[in-house]
Amino acid sequence: MFFRAYGYGLKRCAREKYLMFWNILFPIILGTLFKVSFGDMNEREFMFQQIPVAYVEEEQSQQEFETLLTELEEENQLVKVQKVSGEEAKKLLREEEVKGIFWNGSSITLTVTEEGMDTSILKSIQEQYEKTVGAFSEIAAEHPENLQMVAGNIAKQWNYLKENSITNRNMDMMSDYFYALIAMNCLYGCFSGVNCAVAFKANLSALGARRVVASTNRFVILLADICAKITAQFFCTVFGAMYLKYALKVNLGDETVRILLMILIGSAIGVMTGVFVGSIGKIKESVREGLCIGVTMIECFLAGLMASGMYQLVETYAPVINRINPASLIVKAMYSLNIYDTYTRYNQCMLGLLAITVILCIGSYLMVRRERYASI
Amino acid sequence: MAEKVVEIENLVKRYKELVALDHLNLTVEKGEIFGLLGPNGSGKTTAISCILALLNFDKGSVKVFGEEIQPDSYRIKQQIGVVLQNVAVFEDLTVQENIDYFCGLYIKDKTERKKCVEEAITFAGLEDFRKFLPKKLSGGLLRRLNIACGIAHKPKLIILDEPTVAVDPQSRNRILEGIQKLNREGATIIYTSHYMEEVEQICSRIAILDKGRCVASGTKEELKAMIKTGEKIHMEVMELTPEQLEEIQSLQHVYQLTYDKGMLEIRCSGGKHNLVRILDYFQQKEISFGRVYTELPTLNDVFLEITGKELRDLAEG
Amino acid sequence: MQVFKAFFKILNKNKTAMIVYMVIYLALTFVLSSNGQKNDTSDFSKVCMEIGVENQDNGKLGEALVAYLEKENEIKDIPKEREDLLDAMYYRDIQYVLIIPEDFTEKFLAGEREEVLEGTAVPGNNTAYLAKMEIDEFLQKLGMYIDGGYEPEQAAQKTLDNMEKESKVEFLSVEDSGTKPAAAYFFDYIPYIFLCIMMVSLSCVLIIFNEKNLDARNRCSSMSFFQRNLQMVLGSLGIMLLEYGVFMLVAWIMYPNYMGSFRGILSMGNALAFMLVCLSIAFLAGRQAKDDAQLNMAANVIGLAFSFLGGVFVPIDLMNKGMQKVAKFVPSYWYVSSNNSIWKIKSLSEAGDIYRNWLIMLAFAIAVFAIALMMNRLKARKS
C-alpha cells in the first residue's frame, strides 16, 4: 500500500514540470553566477585588488617611498599609481577615480574620502613604510655599522610562520556560499510540502476528501506522499550538488555518502517545513507559500547565502540561532565534513537536523490529526 | 424487512448560525437506488459528508452497515465508494494511474486490483483514454473518470453526489446505465442530483431535503400521490369565454386552470374520471376542441410543489 | 475600468497574503541592513581576533610577540585536548593558533628565521590572514633591530615602540567623515526586496487573471487587448505604489532626518525607478506563470541572481572584470551605482549621474513591459 502510493507520489513529482524546472535551475543559475563572479578569486586576490591611488611629489620627497610604490605596483600588483599634481589628485579623488592620495614630502601623508578595505590597505602601506624608515633611522643613528646587514635581511622576506593545518583538507573561501546554496536547494522542498499538506486536508481540497474516505489509514497515504516529495527534492538537490561539483569544480570534499545523507535530511526538513506550514489552520495557499519563502529566505540569509560572515556574526550575538536554523546546520555540516577529520561536529549537526525534522513532524501531526472537520 | 445500509437519526449540524441539518432522519435499505433531492443548500452534501465521517456533527447518529461510522472505521469504509461533487483526480497522473491509485487505497491484492481497474475503465468507457492526463479529457470523460475512481473497488454502498453535472446526454445515459448495472450487481446506491428525470428514471426510493430536513420520502408513486396535482389535462380549444372558464374551474377536482393561445391546461387533484367529466362538459356546451392529452405529474412537479418555487440562495452546503 | 476595479477587489481578498509578504520582507530588509552596518564597522584594520597562543619560548622574544599581539587582540590559552581545540576553532572561540617553540629566541637571534613559528588558521576564515600579517610585520621590525645590533630585550622594546606609531590619515573633506548613514543601508538591499515582493504580490492577482477560463472569458469581452492590458498595468502600478509607499513610510519613520534631506529624496527617487523595473519584471512573470509555487521560486531565483550580479550583496568591484561588464545589463547595477553615490554627494548639482541611472532603469522597465505585452499578444493569438 505504502509503496504503491509512494510510487505514484514520485510519478506525480516527476510530472510537475515547472516545480522541477525551477528546483533544478536554481542551483545552476546561482551556482554558475557565484562561480563566474567570484570563483577564481583566491585569498590573495580578495585581499589585494589593484587599488588606484594618486601620487603627488612635493618638496623634500623621499626617493625610497616612490621606489616602494613602484615595486608594489609592478611586482605585487597591489596598487595602481598615477603620478599627478596636487590639484589633479584631489579632483581624481573626488570623482572616485582613485581611492587615496599619497603626498610624498618631508613626511608621507595619505588623503582618503572614506573608510574601507582599500583605505586600510593604503594606510598600512604608509605605516609599514614609516615604521621601516623609523627603524632604519634609529639604527643608522645608534648602530650605523650594521645598516648594511639590516638592509640585506629586509630584502630576504622571511616566511616566519610554518603553516600548520588542523586538517589536510583544503577549502576555499567561496565554499560557504556554495554550501548555503545547497542548503537553500534542500529547503526549496517546502513548496511541494505545502502542496502535499493542502492536498491531504479534506477541508481544503476535494482530493483530500476522497482520500480521507478511503479505507486506508490516511497517515499512511500522507507519509507515502511526503516520502515521495522528499525523494524528489533529494534528487533535485543531489543533481544541483553534482553540478556544483563536476561542472563548476567546487570543492565539496570526498565524503560523498555523508553529504548525501545530509542532503537527504535537509530535503526532509524542507518538505516538512512546507507540510507544517500547509497544515496550519485555514489560511490561503498563497499566504502559506509566502510564509514558506520568507522563512526559507531568512534561514538561508542567516546561514550566509547573501552575505558571507553572517554565520560568525550570529555565532557572536545569538549562537542559539545557529543551533536551530536548519540552513546553518546544513552549511555547518558540510563545513565540518570538509575541514575536520573526525565526525563529531558533523554528527552534532545531523542530530540537530534530525531533531528539527522530528519536531516538524510532530507539529504537523498535531495539526492534521483531527479527523472530522467542522466544515468543508 | 430489508437490511438497513444507512441509518441517519436526528442528525443536527450547524455552521455557526446556519443550521445545515435539522434533525434529519433517513434510512437507506439494501439494494436500493436511493435518490436524494433538494434545492441548492438544502443539506445534501452535508448529509453525505456526515455519512462519510468527514464532518463532525452536533447531534444524532449515523450508522452505516449497522455500525456508527468513525473516521477510522476502515472496515466499513472498505465497503463504500464515493464520487464527490467536485472532480477529485490527480492532475499529474494518467487516467489509468488515477484509477489504480484510488483503487489501490482499498484493494491490496495486485491481480485483483488489476482486474478491478480494467473493469472500471470498461465501465466508464475510458478504454481509449488510458494514457491521457485529466486536463486533456472533455467534461464528460472527466466525470466518468471521477466515477471510475470512486467505484473501481466494487463497494457495496456507492455514494454519488451530483455525478452528472455538466455532462452531455450521451455521457449521462452511459453513467445512469452504469449505475443501474452496479445496482443489479448488488450495490446499494445513494444518488443526489438536480435532474429530476434522472432520479425518476433510476431511483427506487427518493427523499426530498429542504432546509436540512427530510420533507418527503417514498417511492416516486408515493411522492406523486402526496401532492395535489393528480393529472394535467391539455386541450386545444378555440374561443372560450370567461364564464365558461369559470364553469370549468368549478368542476369537481379541478383546482387550477390556465388558458393561453388556444391551449387550455387543467390541473386536477387526484380522483377518477377527471377527463370524462371535462369532456362531458364540453359536449354539453357544444364547444369544439382539437387535440386532447393528459399527463401524470412528474417528479419535477412534486419537487416544485413541495419545496416551493422561489429561488434558493446560492450558498452550497 | 472594470479590470482595474477587479484588480483591487482581488487584492483586497488577498490582503493577509500581502501583509505577510510585507512583514517578511521588511524584516528581511532590517536584518540585511543591520548586517551591512556591522560588516562595515568591523573595519579590516581594527579587527580584534581571538588568538590562541602557546608560548614555549625560553627566551624573551616570544613574550614580546605575545605582548604585541595582545594590544589589538584577545589572547587565549590553547585547550589541551585536540578535540577541545577543534571545538574552539569550530565555534570560532579561537580564530588563530600560534605556537612559539622553545628555541624561538635562539633561532631568531642566530638569524634562522624561516618557519620559526607554527601557526594554524581556521580554514575558510579570512581574518586569520590578518593575524599572519600582524605577526609578519612585528617579526620583520624585530629582525631589523636585532640585526641592527641591539640586545634582545632592547630590540623587543624598540620594536614595540616602533609599532606604536600611527601615521596620519587625512580625510578630503571634514564634513563628510566617510561614515555611511544608517538610512543608506536600508536602501542597500531594496533591489532584492522589491523584486521579490513585487513578483510574489502581483502574482496573487495576475495568476487569477491567467486562469484559463477567466482569461478566455475576458478575451471574449468587448474590451480591446490594449485596454485590458493597460488596465492591468494600471492595477499593477497601484499595487506597486502601495508597497513602495509602505517601505518609504517605514524609512521616514526610522530615519526622519535623512529622508527629509535632498539625499532622502534622491534615495526615494532611486527606489521608485527600480520599483518600476521590478513592476515590469513581475508583470512579465506574472502573466506567464501557471501557479504560485512556481512563481515564488522564479522570484527567488531571479531576485537572487539579479542582486548578486548587480552588486547588492557583494560589492561589484570584488567581481572579476568580465562579470563587471555583464553586470551593466542588470538593472540592479544601476540602482546600486546611484545608491552608492547618493550619500556622498553634497548637492543636487552633483546628481547628474544619478539621473542618468534613473533613465537607464526606466528604459529597462519600458523594454520589459514591451516584451510582456508582446508575449501576451502572442499568447492571445496562439490559443
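Order of writing sets the labels: A, B and C. Residues in every chain begin at 1.
Note that in this section a residue touches a chain if its C-beta (ideal position, glycine included) is under 8 Å from a C-beta of that chain, and two chains touch if they have at least 3 such contacts.
Note that this is a predicted model, so its numbers are computed, not measured.
When C-beta pairs in contact are tallied for every pair of chains, the largest tally goes to A-C.
The chain with its C-alpha centre at the largest distance from the centre of subunit A is B.
Chain geometry summary: the mean Cα position of subunit A and that of subunit B are 63 Å apart. Measuring from the averaged C-alpha position of subunit A to that of subunit C gives a distance of 12 Å.
Under the contact definition stated at the top, not a single residue of subunit C touches 2 or more other chains. Looking at subunit A, one finds that none of its residues touch two or more other chains. Multi-chain contact residues of subunit B, defined as those touching 2 or more other chains: none present.
Subunit B meets subunit A in the complex at residues 15, 45, 49, 52-56, 71-72, 74-75, 77-78, 80, 82, 84-90, 92-93, 97, 100-102, 104-106, 108, 149-150. On the subunit A side of its complex with subunit B, the touching residues are 1, 4-5, 8, 11-12, 15-16, 202, 205-207, 209-217, 221, 371-376.
Looking at the complex, you find that subunit A touches subunit C at residues 18-19, 21-23, 25-26, 29-30, 33-34, 36-38, 40-41, 43, 46-47, 49, 90, 93-94, 108-117, 119-121, 123-124, 126-128, 130-132, 134-136, 138-139, 142-143, 145-147, 149-150, 153-154, 158-167, 169-173, 175-176, 188, 191-192, 194-195, 283-287, 289-294, 297-298, 301-302, 305-307, 309-310, 312-313, 315-316, 319, 335-336, 339-340, 342, 344-345. Residue ranges of subunit C in contact with subunit A, taken from their complex: 14, 16-17, 20-21, 24-25, 27-28, 31-32, 35-36, 38-40, 43-45, 83, 85-87, 89-92, 97, 99, 111, 113-126, 129, 132, 135-137, 139-141, 143-145, 147-150, 158-159, 162-163, 165-173, 176, 178-180, 192, 196, 200, 204, 290-294, 296-301, 304-305, 307-309, 313-314, 317-320, 322-323, 344.
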